[in-house]
């Protein structure tokens, strides 16, 4: 163990504070907004929009910095492992950027209607984002717990935003399950502290290399319980049944931003399993569990998708499938595939979030009973036995056309049809898996991903046809300007991700490369330590 | 632990006060078990809150004053506030019980005023 | 002491889990509270236990063997958070009770049919 | 213009055109058609200009990086094979544009059609020009997607929707397989570049991954080219407008699969598996397609099944594995595209002019539209393989191959027979098509009176028929060199010698041709009447096995099965979810513990046993168990017992050296109890006496037993873990540093508080955010709270109290309650300042002694709460203006600003500063910025917890107010 | 017998008596029979617990436990008052 | 005076409490005690309690002494009752006492006194009749309790609070 590190030896340049901005700014703005009268909506909307823009800029700055070296921010000027540090490395920066893009989209979308449906929407929204950002940035296990709770608390608020029976019913289960998961989180973290004596992730990783005699078993029990908590949070089967119900009940912007919430769980699993168990320990148990959980999640998510009766529910299951994919790839331990999975995570999360928004517009004003329509309204018919079928096309209103294009793009991403990010991600995963020794796990995963693509395609096509083409009951959908802007922006982000797939994949590659060499992370956080391997 | 140069008489006094206080508190709680009706039992906790508390707090003040070498009186505040607040509970509680018992026409219900 | 405390933790946890698995929302909120106590004590126990050595300096015995302050700080944070979330859960269960008219965790009595369970197809 | 620029222009133009044409207004039929026509013709010109280079040996290549880390480039590569396909795509495309301009109704939003159409042209071009395996997949899937849009163009039409769905499901599924196959292929070859892959045939066929690769790639090819049993989507795709059917479903898209098999023929063919899969599929498709075509009544249906049959024929050729068969396949691909496209267009004209495509209603059209009839007859003759037309030449080649390939395989043995039979079927349905449509008595009761179509609408057919005749008459002058180039670009050195002459002498193929022609005519003579009317609708023998129905049934079954599985594998009910979670935790912990051989009872250290502590926990455990037991029917008791358990854990903290925790725990305990009580009022009455249904009881008992098991096991587990850790020697961790440095570096003696407001202040910041967020959420929820009807009425106790007051003179309702609260009120009123004092004390001394902002905030909250309790909400709020949300905001701002105060001093966020101020009289006054942070915490805690309490408390008030206004309304109604 | 020993044993005994008193109060909380009995038990539990804290402070010679005891002394009645009021009025705050 | 110090006794009590809490007194804690005494009573402005006028503060002290003595005595009495083996033979019961005292503060003090002396339990008070229902653990069956409450406690209180 090192001697105490003096805390006054570091002064920072002002640009360093960009690292903490994603956490501090939302709190400050949310705090200020609680002081402003609720009726001054325009002011609040403007404030939160400006905040989101700053956050996005900050996250992009962090992305560009992370390419050179990770930034370590010592809160309170206390050095790790004693103080809490924020670590903006490639992975964190990437997730931050994703959160800010999706957050911006959801926020702009909310300007049209949802910002007004319940009190203090914008404040809650910013605090949710702050929790997400904090979770991505922190280098401390318990601090991670705190940010998880911020994020979940705000998400409870947003899920319940606008009330209504369905929402409250779903919210109750969501909260109960996540409260239990949080308790597991606490048990796991404290067991780790009790056996390792530290909370800092880097310090933990370093200590595991030289395990204190005998307590490794207890420590691993702690890890197992902690891992379980994360698997609940990223809605792995059979622990994640709460997700589709909750997300489909939530208001659209909330659901869109929730799409990233389960990814926080995925992020943590990736982060911890590679940092703490990447070297030194071969946690075969953990890895195969993650693989199995990932595969099962993909399977269940696909089944749910096929079974889905409406779009929001399908989107919820798509979120599950995407989490499962990343987990399963992580479980195979294939680095190249993992970089594809990270890329895929970004693309699929964006698409799923967008789909929630789209679904809300498409199903707006529809009687919920009607959305549970028959699957095939017109089956068992001879294709040429349709004497009085109309064979005159109908001019599609611009709104519907926009929604159609958006829906199509989301479907393409989620299914993994080229040339959008879903395809690029899956391609990279396939190539990574195929390049490595194709063990049974690789085959299983390839099969699962292919089947899940198909399983995503069928229901999305079915639901898309139902909502966009079958028009006898579809109301003339209206689309506010802000909603259009949000959808267009998010879809443009998807397209850009595909178009600049080369650089994006290179970034993901470098990220994985950085993640699988935890020593560099440890050095960055704790500084050079004598006695450690060069 | 408290210092070794602590006078024996003081130790005995402190312990005696504390034990006496604890004894009253214990007796009061025993009353909670032994007394037959609710209204009888309601008298019991007062033992803890009054003499029991007084003796123990005295004991504590004595001990701490001797240890610190100055009068330490703040424990008296506890006594003061507990004296003031105990009636609040008991009054509300007995009033509620009286009302319930009268409504349910239980034997031993208090007479109507 | 260790044995007593760990048994206590166990009983609190068992009672809490039992209640969390019950069908009535109020049972669940009580269960969450009880399990919360157990977990708080558990976190606290991870710093090992000592009697009479609070981690407050300059008062009482010196700084040689005070209790581990870190788990205490963690428990404090956890207590606050679980307090908040218990309150939230309580309010949500009340809202659910108001909206659905029953206090079952699923928002409907189990013998009632699930809405929309009927298949649209033959 | 340099060749690669021409190539790029050709590839890009359709996409640019597609984007441009959608910008046109919906009724701009002419402009849209002109634009589309121009684009296709310009593209065609580019490709035609490249003919010398394409056939010159080295392909024309233009490349661009896309995903360099994956080895994926965008490579446009034009060789002779792709040249043929590109010309087909663009040439027939241009004709289809012209045709569609006149085919589509004025009301149709034509720009959208042309937008999709041009996108399709672009995708198809991208596909045939792919020089990279992944790029090929990209455009492959793009054709599936765009064709989905095209088939569903008339989306109001249910069969269009169904057809589109089926087509995209099957072809995209194939595409997904193709992707995996291509990845494997590239992996085996070591590159995704087409040139490299084509050069690695030996390695690929020897690879252990060959079979899966082959199967996956063929899954793509066979679905796309509608091979049995995947052919079912093609007839349903005929719901597309006829120009689209002509283009996609005969000339181009379905040929993509053929193209793929030709393209990779050099590396994938020549093995047993190739032979079996491709050969069998082709043969089956050819026969089933032809047989089904015979019985169609719909013109497009007949042509669709005929297309399937011809695609099967080409596939069969490719499956045979001989180079000459490949040449025949390429040749027949071109021929089929020309005659089938023209037939589709002719069928479209008939439909357009008569209003029906049902051959049973059509008759004698020869008289009304002789010119169209002639064109259709020539094309049909080409389809039937009549000499002097192109279809005859390629069919001869096929029959020759059928005769030649006499290997050991059973397919080979039967091939000549089946080839003849299929050809005879072709003759049969061609004959039927012509006879039933154009001959016989003039049709009555057609929707429109038939006449020749617009002049321009016939031009595309004329052009295509001309091609059929030209190739048929002078093959060597027309298709010869092109075919040779294409064959060479595929087969390289293995290119066989062949002769495209019309006359090969009397040989077996000719005999088979004659036999087929004669057989077809004979069969039609015998069965014609019955086939023409065929009341059974479907093809004989096969009508029981309608693939379309099976597909729909399978899809429905899939959805129903998925729903079934969803309920089996998942649940929406909370209890099973939680049960699973706890079981998983048990399993995870146990498995790890056993796997690692954890001994929970090592006992490194123990603390001296104290019976008093044990006694304490006896109470605590009893309270906990009591609470668990009573929570269902006796909620109030359970709350009381919970309070007992809370007090015991508070005392435990204290006993074990955590005074801060004890303080916080007891405060939180009090507030929680009050909150639970506030909630209790709105819950339904629950009565033990009401028995559960008998059927439920046994199940409930079993469930309770399981839950009891889980609870006991999990509790024991947690106990064991805590015992194990507690009895192990402490780990040399970070904690010592905090104890040593708290005072010297952070200026606080209470290490726990220093941790909270300085070392780990970031945690605390997050924690108060949670509190604030929850406060707001509670507020939002309760604003819309609607109590259940059965908890609307006032509590019985209050009603009875009021009754007492009403019964007695001089007393108003509320007096008795007020009397009961007389003493509590006074005590609480005078106690309040002292509670505030306590809060101040806790707040100020927190840094050095137990306490802190949170404890102070909760103490203040309790002060508020007591006022509400003693006086009621209305009374308090008349006197105190409570704005908790403002406090929450203020608290957040103050804490964040306290944290950011360090920024001007170039220190990170939350860097605390402390100093001792030598004040004149007071002496050393400690000043710590952490105190400001703590102040923020206190403000927020008060705001948030007061908000929660008040919001809860207000529900009763709202109910009362609602009742009052109801009473007022009733009173107002009475006099009126 | 030294003063320290007397203090240790004597105060230990006092504490044990107080925890026994708590246990008796707990018994009443569990046995009831009526809600008012349980609330009474809880109130007694609080008071005895508070006294136990004071004695614990004496045993360990530390002033750090005062705040906890003081808080119970001044605020501990809140829970039982709320319970009692609920019993009386069916509602804690109206 | 009343502006600055609306409740002087309360202010003094608060300052004293602060000093007790923060012993040993230092200049700093003195300043804070004064500050607390001056500022905290401001909360009372909102609550507007009925004004309390102490006529004879010394009588209050004497009464306190009396109650203290009674407290010890009744504690012993009740302890004996609890520990006595014969629980069945004892008489307990309710006593109704007509009170003249109407001042809420005075009534509160009476309630405190009755609670502090175990054996008497305040059950119900009617503001319009002024009747107090008391439960006594050791019911003498005569008006002993009525006299004791009225003479020992109520009269001094009536003297102290107008």
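Per-chain numbering from 1; labels A, B, C, D, E and F assigned in written order.
In the analysis below, a contact is a pair of C-beta atoms (placed from the backbone, for glycine too) under 8 Å apart; a residue touches a chain by one contact, two chains touch by 3 or more.
Computed from a predicted structure; not experimentally measured.
Path length between chain A and chain F in the touching-chain graph (shortest route): 2. Any chain that touches chain A and also touches chain C is listed here: D.
Interface comparison, B-F versus B-D: the pair with the greater number of contacting C-beta pairs is B-F.
Averaging Cα atoms per chain gives one point for each, and the point farthest from that of chain F is the centre of D. Comparing mean CA positions across the assembly, the chain most remote from chain E is D. Core chain by CA centroid proximity to the global CA centroid: A. Here the spacing of chain C and chain E, counted between their Cα centres, is 23 Å. Distance between chain D and chain E, defined via averaged C-alpha coordinates, is recorded as 59 Å. Taking each chain's centre as the average of its CA atoms, chain A and chain D sit 15 Å apart. Measuring from the averaged C-alpha position of chain A to that of chain E gives a distance of 48 Å. Each of the following residues of chain C touches two or more other chains: 20, 25, 42, 45-47, 51-52, 54, 56, 59, 70, 77, 81, 84-85, 88, 92-93, 95, 99, 105-106, 121. Residue positions of chain F with contacts to 2 or more other chains are 17, 21, 108, 111-112, 122, 124, 126. Contact of a single residue of chain E with at least two other chains is seen at positions 15, 18, 20, 22, 25, 27, 39, 41, 60-61, 63-64, 70, 74, 76, 81, 85, 87-88. The full set of touching chain pairs reads A-C, A-D, B-D, B-E, B-F, C-D, C-E, D-E, D-F. Remark: chain E residues 2-4, 6-11, 13-15, 17-18, 20-22, 24-25, 27-28, 34, 36-37, 39-41, 43-44, 47-48, 50-51, 54-55, 57-58, 60-61, 63, 66, 69-70, 73-74, 76-77, 80-81, 84-85, 87-88 touch chain B in the complex.
Residues 20, 25, 28, 32, 35-36, 39, 42-43, 45-47, 70-71, 74, 77-78, 81-82, 84-85, 88-89, 92-93, 95-96, 99-100, 105-107, 116, 120-121 of chain C are the ones touching chain A in the complex. Residues 10, 13-14, 17-18, 21-22, 26-28, 31-32, 36, 40-41, 43-44, 46-49, 104-105, 107-108, 111-112, 122, 124-128 of chain F are the ones that touch chain D when the two sit in their complex.
Of all the residues in chain C, the ones that touch chain E in their complex are 51-52, 54, 56, 59-60. Only residues 142, 145-146, 149, 153, 156, 160, 163-165, 168-169, 171-173, 175-176, 179-180, 182-183, 186-187, 189-191, 193-194, 199, 309, 369, 372-376 of chain A touch chain C when the two sit together in their complex.
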